[in-house]
Amino acid sequence: MLETRNLTKSFGAVHVTRDVSLKLERGERRVILGPNGAGKTTLFNQLVGELTPNSGSVHLAGEDVTALPVAKRARRGLSRSYQKNTLFDGLTVEENLGLAAAVHTGNATRLWADSLAKPEVREIVDEVAEQVNLMPFLHAKVSEISYGVRRQLEVGVALATRPLVLLMDEPTSGVGPEMSKGFHDLLNNLPRDLTMLFIEHDMDLAFDVADTITVLNYGEVVFDGLPEAARGSRLLKEIYLGSWEDA
Amino acid sequence: MKRSLLAALGLATGLAVPAAAEDLTVGLLLPFSGVYASLGNEIETGFNLGLAAFGGETETTFEIVREDTEVKPPVALGKAKKLILQEKVDVMVGVVSSGVLGAVRDMVHGAGVPLIVANAGNDEATGAACSPYITRMSFSNGQINRPMGTWMAEQGIEKVFTLAPDYAAGRQMIDRFSQSFTAAGGEIVGQEFTPFQKTQDFGPYLAQAKASGADAVYVFYAGGEAISFVKQYDSFGLKADLPLYGSGFLTSPLYVNAQGEAAEGVITALHYAPTIDNPANAAFVAAFTAETGRAPSEFAVQGYDAARVLVEAAKAGATDRASLAHALRQVSFEGPRGKLAIDPATNNIIQPVYVYETVAGEGALTQKVLAQLPAEADPANGCEMVPLSN
Amino acid sequence: MFRHTALRYTALVLLAAGALFQAFTAEYFGLEILTEILILAMLVLALDIVAGFGGMVSLCHGALMGVGAYAFAILSTKAGIAPPVAMAGAVALTGGIGWIIGAICSRSHGIYFIMATLAFGQMAYSYVFEAPIFGGDDGLGGISRLDLSIIGVDLNDSRSFALFCLAVLGAIYGASVLILRSGPGRSLSGVMHNEQRMRALGLTVWRVKADVFGLSGMIAGVAGALAAQHILYISPALLSWTVSGEALVVVILGGLGTLVGPLVGAAAFVVLKHELSAVTTYWHLVVGLLLIAVVMSRANGLFGWVEARWGARIERRMADATRKQQPEEVLSDA
Amino acid sequence: MAHDLGFWILQALNALQLSMLLFLLSIGLTVIFGLMHFVNLAHGSFYALGAYFAASLAAVGGYWMGFFLAPVAVAGVGILLYSGLIKRMRKSGPMAQVLVTFGLIFVLLDVTRIVWGELALAIDVPALLSGRLSFLGVEYPTYRLFIIVLGLGIFAALAFVLGRTQIGAMIRAGVDNDAMAACLGINVERLFFIVFCVGCALAGLSGAVAAPLLSVAPDMGLQILIPTLIVIVIGGLGSLKGAVAGSLIYGFVQTFGAVLAPGLASVLIYALLAAVLVIKPVGLFPAKG
């Protein structure tokens, strides 16, 4: 579904990702682990097109999308959430979801109707709101909801484009452990055919959701396999847990 | 459609309560802000002096309503409508720019309100677009520039380079000069038009003038552009080899002092210079100097004579719009500019034109009149004067 | 994102009532002022759509209006095209030019956007100023108004023309609301709040910007064509960047991004201008000081201030009632 | 018309002279923007004020008094405005700043009209700089050469200050990242204040220098504003290099446009600006990548 081949990006002499090759099957849920500065977010940015790699390629559903701009990749089914909330702050939860759903349904550029009032848009909004537990907050403005709810909305907006592949950059970042757990239940309840790639700090939580695990260190893939194998890996403990203690 | 609008407006004004017989309401339509604000003020000062000097000769009292055109034709048209329809003025005086005159022309003509033009000089206003309601007491572009072409050719100047701002008046002034100059045997060796009100550095054009091989340069510039131009012309040292001639606005007394020594030796033609030697002018200059502390400009005398012509019309018994329009075009008098009359064929003023050189005087620059060219009526230029109905 | 509130409805009703009262009772000059307000209101609506709901602070809307005025004048006087067709042509032209400017400037933000639009506006100004066909600095006259005698209206009558402009303004207000609620309008709102996210969601951002800027340009074109018919004389001063600046002043004075506020601003500005210029030629000084005071006060203009003060209270009271009706209330005003 | 080499040298000097005048004016504006992210549309009004102060002072104490004191006086006005208005507007968005300074244009324009009247004022070239110099085979007005030399001198001085001195390093740090600069213990507020004053003084200086060349009239500030904005937007906001490049581009396009394509001269520069913005939306040499 989503594949990268030898993705390399450097800023000057510093390689932020080096020869990253990943392959996600349809419906696969993969967690990317790695210490701070391992290149996880940079990898995401290259996947969605916000950064152009120096070499290597990105393939989505069998198509080489390396040369496509952000918006075109998104329309082909690649959606992401951000580590830092990237929402439409002055708007309501409903409008946030609606804007995304309108893009997906093609209503975002259609002049002749209210894009947010279209039945297909409203249907997506209700469905996503249900999926990420935002029903009670639909009419609240972003500024009026709590941080945890905003994190849910962050993922909800990404989901509202009905993606094939959902990339989530630390969806539970900054959220307490209690809520993180709930968040992961929520992810587990998403449709099984949705391919998911997400960055997560908390390994235990990650294992709740992940089918497979990739570990990045200094921009390189140092582990790629099943959670069970990762759990036992000494290498992973050294680099990942080591840095976790620091952080 | 336009006609019906004007008819409607005319109807509205016809219903206006007539003013008391001895009371005339005068709308002053001048720029009091914007680039020509100083001209507006100068004309108003002249106008007030004129009323003060001659107003006593008639029983009629004049009530003045001033409106600022901001030198924007659409604004001016709005203000003219206000004067005509709301203030119900009997006569309007003013209009500095030709653009404003073009804008208000149809309104004035349709409503039948006499307008005494106190500056705007486009030939069309007393040519193809002439109206019995529009009387020009200032000048026409052709009137000033045509004689100068002939005169310069007579002085033995053979090749001339011309420069002017790129807008209707600039092109018209140069065009009228070129026609008479070439008719008298001269040759125009180069002609440039500079972006109007956007040119601050004339250097590039002066270099072209210098390279053109002309005997002299003839220009039209006014206001701030005239100051910059004359100073820059001098700083390039062109005056010695390439004497500077122009229409007299170039070295108008209004801003010649800002040009300073750079203006010395510039020879220009205009319908007025403060050093014209006649009693009427002496009285006017004295009154103006007492009021402002400086010599009057052509703009001031235009305002002054506009007041005078109004008083003369009142003396002739004019009491309302129609009778004023009638009377205004028959006025003639000896003023600071010499003998003035209105050409019945076009309603344009007939006046002598003076060629003068700007020279150093006592403490300030002054104007040395070199020649008085005889008064000459403009050709009709397509004017078909509609007779006044009463 | 645009919402009608009880306060905004109230303001609209009051404005419309005031305009109608003025239209039926005023003398000649009062009608002139009313018409001036109505036309300025169209321009500032166009500006508020892009600046208040799209973050595209344009300094070329005056020029777009001027292009509309000149296009109408040239088409109807020199090309001999019937005024209604000329008007449609003028609106299409300004829309097209607006679309192109919006597309080219879509990559610029903040001050660069302001400067880029300023550049395009000045380009139009310089061209009109210098091309002989446009009459140069002197401008163009001989313009006729639309002929509505078919429905028994003579637009050459000031009162009819003012009422006609009021009707057009009402239609434009309705169209503005529709634009803001359309796909591109909503998306542009999203872009203003978070351009990066809209792009990440798959939106072709430049296209949305260009589309809405083009629609806004069409409204400016209508304002221009009507301004030409109002004064019956046009000059390049109409395109000068200070006109765009003044339009921006009006939007700010009224309340950016409220749609209703700029209408209030237009009325306040024109009345203030006429009252002040009757007293002093230094009226710009007063307007300048007022502008500084309004911006420094950090209130969102006159109407924004009222909204901040009373809007929330009224809103709370009406909350439940209005929320349920929202989809149907799109065009019940205007 | 066929022209000889002297003609082109003369035109090149004209272009250079115009460029330097614009450079003096735009450098203040661009550095204020680069450092403070503050857009000052009233910068042209400071230029006009400079010319008026110079004219008034020259009437009392001669050209050089105007030359040296006018920038000081304008900086004084700048200080007043800074502490009264601009300090409080710094955190506002570009639109608020554009509007406040747009309001300032109106206010300063009418203030000059009230104080100095509508009539254009005069200021003479000082005796030392009047006349002409023979130069590369052409005669060129000394005063214009003086403007060129002054522009180059100010450029050199600014390049030195920005590149080699501690305050320059502080300014560069501030342009790069003002929050970071504040962390490094730089008194950012004071830095802004100093830069703003210097920027105003340079605007005043360019007004004083331009005054003998042009006429000192109320609308001169409005007239110069658009060219200045074009210069800094083409060059890229915030950089010395950009201001120089923008000024030279403007000066040469304008001058040679007037000679080679008179009909297009004024549209040309706007078309160029649009082209730059399409290709490089932040100008040729922006302070930040």
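In this document, chain identifiers A, B, C and D correspond to the written order of the chains, with residue numbering beginning at 1 in each.
Operating definition for what follows: a residue touches a chain if its C-beta (ideal position, glycine included) is under 8 Å from a C-beta of that chain, and two chains touch if they have at least 3 such contacts.
Since the structure is predicted, the reported quantities are computational estimates derived from the model, not experimental observations.
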{"item": "Per-chain CA centroid nearest to the all-protein CA mean", "value": "C"}
{"item": "Maximum centroid distance from chain C, chain identifier (CA atoms)", "value": "A"}
{"item": "Chain A and chain B, separation of their C-alpha mean positions in angstrom", "value": "75"}
{"item": "Euclidean distance of C-alpha centroids - chain B vs chain D, Å", "value": "37"}
{"item": "Between chain D and chain C, distance of the C-alpha-averaged centres to the nearest whole Å", "value": "34"}
{"item": "Rounded Å distance between chain A and chain D, as computed from the means of their C-alpha atoms", "value": "49"}
{"item": "Touching two or more other chains - residues of chain D", "value": "113, 266"}
{"item": "For chain B, residues contacting two or more additional chains", "value": "33, 37, 195, 197-198"}
{"item": "Chain-chain contacts as defined at top", "value": "A-C, B-C, B-D, C-D"}
{"item": "Interface residues, chain D side, partner chain C - complex", "value": "33, 39, 85, 88-89, 92-96, 98-100, 102-107, 109-111, 113-114, 222, 226, 229-230, 233, 237, 263, 266-267, 270-271, 273-274, 277-278, 281-283"}
{"item": "Chain D residues touching chain B - in the complex, by the definition given at the top", "value": "1, 3-4, 7, 10-11, 13-14, 17-18, 113, 117-122, 124-125, 130-132, 139, 141, 143-144, 212-220, 223-224, 254-256, 258-259, 262, 265-266"}
{"item": "Interfacial residue positions of chain C with respect to chain B in the complex", "value": "27-29, 32, 36, 126, 129-130, 135-139, 141-142, 144-145, 147, 154, 156-157, 227, 231-235, 237-238, 277, 281-282, 284"}
{"item": "In the complex with chain D, residue positions of chain B that touch it", "value": "33-35, 37-38, 41, 190, 192-195, 197-198, 200-201, 203-205, 207-208, 210-212, 223-225, 227-228, 231-232, 235-237, 254-255, 257-261"}
{"item": "Chain C residues touching chain D - in the complex, by the definition given at the top", "value": "51, 57, 104-105, 107-108, 110-112, 114-116, 118-120, 122-123, 126-127, 129-130, 241-242, 245, 248-249, 252, 256, 282, 284-285, 287-292, 295-296"}
